[in-house]
Amino acid sequence: MKKLLACTLALVMALSLAACGGKQAPEGEAPAENGDKVVRIGVFEPQTGDNGAGGKQEILGMQYANSIQPTVDIGGETYEVKLEIVDNRTSAENGPSAAAELVNRDVSIVLGSYGSGVSMAGGKVFEEAGIPAVGVTCTNPQVTADCSVYHRICFTDPFQGPALASYAYDGLGVKTAYVLGMLGSDYDQGLMYYFTEAFEALGGTVVSEEFPEGTANFVSYINNAKSAGAGAIFAPVSINYAQLIVEAADAQGFEGALLGSDTWDSNMVVESAKGKNADVFVTTFYQEGGNPEFDDGIREWINANADAKTNNGGNDMVAAVTAMGYDAYFTALEAIKAAGSTDPKAVLEALPSVSYEGICGHIEFDEVGDAKRDSAFIKTANTETGVWDFVKVQSVQ
Amino acid sequence: MTMQKKKTIFTTVVLAALLAACVIVDLTLPSFHIAVTVIKKATVYALVAASMNLLNGFTGLFSLGQAGFMLLGAYAYGVLTIPVAKRASVYQYFDGGAIQFSLPEIFAGFLGDGVGGVVGMLAALLVGGILAALMAYLIGLPVLRLKSDYLAIATLGFAEILRAFFQWNALGPITNGSNLLKSYPTFSKATPYVVLAGVMIAVILLLINSTYGRAFKAIRDDEVAAEAMGINLARHKRLAFVISSFFAGIGGGMMAMYMGTIAAAPFKSSLTYEILLIVVIGGIGSISGSVIASFLYIFSSEWLLRGLDSGEFLGISAPGLFKNGFRMAVFSVIIMVIVLFFRRGIMGDKELPDLLDRRERKHKKEAAGK
Amino acid sequence: MSGQVLKVENATMQFGGVVAVDNLNLEINEGEIVALIGPNGAGKTTAFNVVTGVYQPTNGAVWFQGEKIIENHPQGKMKKMYKGEHAGEYSHVLAPTPDKITKLGMARTFQNIRLWKSQTVFDNVLIAKHCRATSNVMSATFRFNRKEEMRQRQNVEELLKIVGLYEERDELATSLPYGKQRRLEIARALAAEPKLLLLDEPAAGMNPQETDELTAFIGEMRDRFGLTIFLIEHHMNLVMGISDRIYVLDFGKLIAEGTPAEIQNNQRVIDAYLGVADDA
Amino acid sequence: MQEMFPYFLNGISVGGQYALIAIGYTLVYGILRLINFAHGDVFMVAGLVMVYATASMPFYIALPLVVLATVVLGFLIERVAYKPLRSAPRMSLMISAIGVSYLIQNMAFYITGGVPQPVSNPIPWISENVTILGASTKRVTIITPILTILLVVALVYLINHTKIGMAMRAAAKDFETAQLMGIKINKVISMTFIIGSFLAAVGSMLYFTNYPSVAITSGGMPGLKAFVAAVFGGIGSIPGAVVGAFIIGLCEEVIKGLGYTTFSDAFTFALLIVVLCVKPTGLFGEKVTDKV
């Protein structure tokens, strides 16, 4: 009995190895499915883990874009656009296999990921496969720095950090800032670094601390901020921690401002600030109301789709990452159109010269592959209505 | 003696077939193909599972520190192999870091780019293993005196402490703090992984079948009797712990190669649990079981069962049921079934060639009985 | 005192308030078979455990082949409160672990058989040879010790033939019948190449016929390997049959010593022990 | 001193939360000699049930439901995963515990979609803010340690003065003998798990009122720390677990207050290792002698 089991399992393993060789052929002709021409766009996003909530919102933008523009004309022929969504689980260790899975599904171009660490982990696989990738909201400069296929449509940390720093120093008049990030998160640490650098250059003082992953109790950190005499807390952390920090700041009666990065721009954060005594400011890519047509369209789509609504956190507020996902989708279509082919190599060649007028602003890539952006939106959480209010457009000299 | 010969032939054939299959995969498929990815990841897990089995299965020391030693190996590999030219960009927040050399480049200096690079990478792996072994020696001094579950929880704690240290900003010039290490050389084909892990696992097997391995098994079966028969418990336990950690360190370095980026985050206790469960599935006390289980586990979780997470599996489309996390849910149920009802796992404490053995014995018994 | 193998000097073993062994003194000379007897709970196994290093005595010393190998005093590492006789005579702490004592040349068997369950008969004996191996872990792993390994394997095979377990060499140790397991334990102890063999109730649970066989076997082993044997036993046939001298322990204290004939006629022993023993 | 007050306050509250979990560990270890790795996850499940229950029904139904669901879960875990392994080696039992922990986490992952669930409807009154001695905090912070002490007093009474308590003490002392003396060992063990889960449920409700977001990993860290507290206090001893939990809670917050936030988790483990190596029986533990 046991032996049988063992033999069967061994056999399965052997067969699986053999299957690797055999499986290749049918995949090569995948585009010919149903007689329709299909172009596949890979979505490399976290749906689970710390960044799961953000990743899902980003996917929503792409899915919505796909619903209003499900086809693309390449060389006079109409292709159906199919999104291939793979969960990279927020973690670098799952990055390579998730990326390989996408490559396996014959995608022409990849969108994502929310979160820089996993983007870098996947970038290597995309580079080997020669598949272009468009980062949507991964802001760490390293994503594109050492990867020939990675491009991105968002601003980067060296921009975002200083933007918030100068807003805090000049706009809010804060002289001492308390900076808090998660231990082991490259996203947090990167922004903390650039914020600190800029804030100190402006003449401010920074107190910096880190919390271990899985922390729920931020009370002592808020107390540390208070005893440091900080006028603002800058915490570029994921949505879950942002909620907890808002909660703790309120409970501890923290008087200063809470500054967040693009991750904070989520309806979940603004909702946790609702009815609390908290001044929350965030930098972001998109201000709801910036493009009413898009807003109305996606709201309608979200409301008509129960799953989408759940993924958006249970309401129809439009997150900036959703708008970015939407833009990323069209950027990808532009690149495919310009390439005139579904071949990743051709798309990769065409991508750098794409110029597209998105709802979050004009998109163009520089020589590294980063978007040329010079301004960010600053929003504040309205604690009475529970929505984001526009504050200003912040740019850095 | 003929039995022995049969086994040797059997083993050689199996190994040759596996290697050939792997080479064929490498030759026919591009390096980013999911099959290659699965083989790479599975070999790394196989090595670490074998190293854990050496400790938990063969010496009876229930340690949960594997992730910590892998972390050491991974970081050592990354830190020592990042090309000097790329250090400024990797260590962007730490002025290019404190270490300004790279082993592959040093070796490339007098062995040529190709050979030197590979030698450098192997040397970095080795350093990772040695560091892990040293750390195990230090940790082992106080911890190995503890009994079963206390040992488990103490080693788990050590792994967590280690992780906090590696993320500490003050060590940033070496570890890059919380930021990723990347841009280091890796093998993109699967064969180097298979060969490397294969050699390491072979060494583990040699050790297990040596006089020391037998002493380990004696400690597992009965500590008191082992000590009474002249086996120095402290020394042998430490030896097993250090050797196991050495291979975990090497496994960590290979994991770094596989991932392409290094951060401390993946080396959490959940990684140790995952490997422990692989060991259990394969059979506590069977190295070939660990290897088979690693392949099965990685193959199904990374490839075969991915459909369980994305709405379609075996042609059945049920987006409501097959959503995110279903794969792992199914997996953990299988694991519980194995833990509760098939406690011996796939192989029990037998190795693959022993399958021949049992058939033989059965025949003999039947002949003797009637 | 030429040829003295073991000397236990004023050994006391105290667990909390219980004195399990109280001021024990005994000597064993080369080639002798000496038995330690006494009613249940008299402290015989505790005495064995002190001699083999499992327990560190509260007070006293143990000499092996003219060398002091174990010593402790009440203020020693264990900080035991002992105020009995000879309390001030020892000042050093000497507490080797059992494996070191085995390497010096003592090997023992256990009252409740402690074979390595998942190992074959052959491996059980071979593992006991580990303490005589000179190779380090590296050379053992990479098989640079092939010669030594081959020699040890040959030794084990010979040993198995001598004790009559060669046929069962590939069986699991636990699949052997009870009597053979006992025999295997002795073989395992012999593999460690001892001068002094300590047998803890080797005949426990055996029927008279098996006991007789064992008696003969022990004598044979002594002659063949030039052993000195120290044994604990309840079976009086065995004890009286092979022992050169006998020590009698009662409530931790030595109450008599002498030849079998002397012990059989000792009134104290008869009162304390033989008079009430079931299996005399 | 005034500066440190908020840290002490918070530390005592955290200690109270750990204490409620730690008792579950210490009771189970006392009887089964098993580190119930799944206990932290039971705690997490209680939080999840609270999220879902309070969103759809009034509190006077939701909260008892949380307790009931958690107790049933604890009971089932023991019956399904531990009872069949009673005669198996300890390693198997521990692996089973790790397996259960893995299973619960993955199930929760599947149900929640891997996204932390915010407690949208926290328990009223205790989640309101108050100010004591100049330190602002939630009311639950003050209530936690008080409730903890009350529950522990009740538990100690139960163990010392009731029949089932006596049976539990007997089983902890000597499993086999207790069985021979006619104690229904399965009943006692189930009871242990029920009490442990009950306290975890209460702890969970307090915890997630204070930190209103339940992630599937939320149970892991508090669970491990509570276990450390139990070891520190002397495993098997209820007062020990409580004292240990308060000490660890306080130390942790004070360490954060001193600015060593990077090592606030690592400290707990360092403490564990030091305690294990120096005094494995903990502060109040009884010395266990090995049988050779």
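Descriptive notes on the structure:
For clarity, chains are labelled A, B, C and D in written order, and residue numbers in each chain start from 1.
In the analysis below, a residue touches a chain if its C-beta (ideal position, glycine included) is under 8 Å from a C-beta of that chain, and two chains touch if they have at least 3 such contacts.
As the structure is a prediction and not an experimental result, all values here were calculated from the model.
Using the mean of the Cα atoms as each chain's centre, the chain most removed from subunit D is C. Put simply, the chain closest to the centre of the protein, by Cα centroids, is B. Centre-to-centre spacing of subunit A and subunit C amounts to 72 Å, using the average Cα coordinate of each chain. With centres defined as mean CA coordinates, subunit D is found 48 Å away from subunit C.
Subunit D has its Cα centroid 33 Å from the Cα centroid of subunit B. One simple way to say how far apart two chains are is to compare their mean CA positions; for subunit B and subunit C this gives 43 Å. Shared interface positions of subunit D, defined as residues touching 2 or more other chains, are 109, 113-114, 220, 262, 265-266, 292.
Touching two or more other chains at once are residues 164, 167, 169, 224, 324-325 of subunit B.
Within subunit A, contacts with two or more other chains are made by residues 47-48, 183, 210, 212.
Residues 56, 60, 62, 142-143, 145-146, 148-150, 152-154, 156-158, 160-161, 164-165, 167-169, 224, 269, 273, 276-277, 280, 284, 323-326, 328-329, 331-333, 335-336, 339-340, 343 of subunit B touch subunit D in their complex.
Interface residues of subunit A facing subunit B in the complex, by the touch rule stated above, are 2-3, 5-7, 9-10, 12-14, 16-18, 20-21, 23-24, 47-48, 85-87, 91-93, 95-97, 99-101, 103-104, 117, 120-121, 123-126, 128-129, 141-142, 145-146, 181-186, 188-190, 193, 210, 212-213. If you check the complex, the residues on subunit B that touch subunit C are 203, 206-207, 210-212, 214-215, 217-218, 220-222, 224-234, 239, 243, 285, 349. Within the complex formed with subunit D, the residues of subunit A that make contact are 47-49, 52-53, 56, 89, 183, 209-212, 214-221, 223-224, 227, 239-240, 243-244, 247-248, 250-253, 268, 271-272, 310. Across the complex, subunit D meets subunit B through its residues 33-35, 80-81, 84-85, 88, 90-92, 94-96, 98-103, 105-107, 109-111, 113-114, 220, 224, 227-228, 231, 262-263, 265-266, 268-270, 272-273, 276-277, 280, 292.
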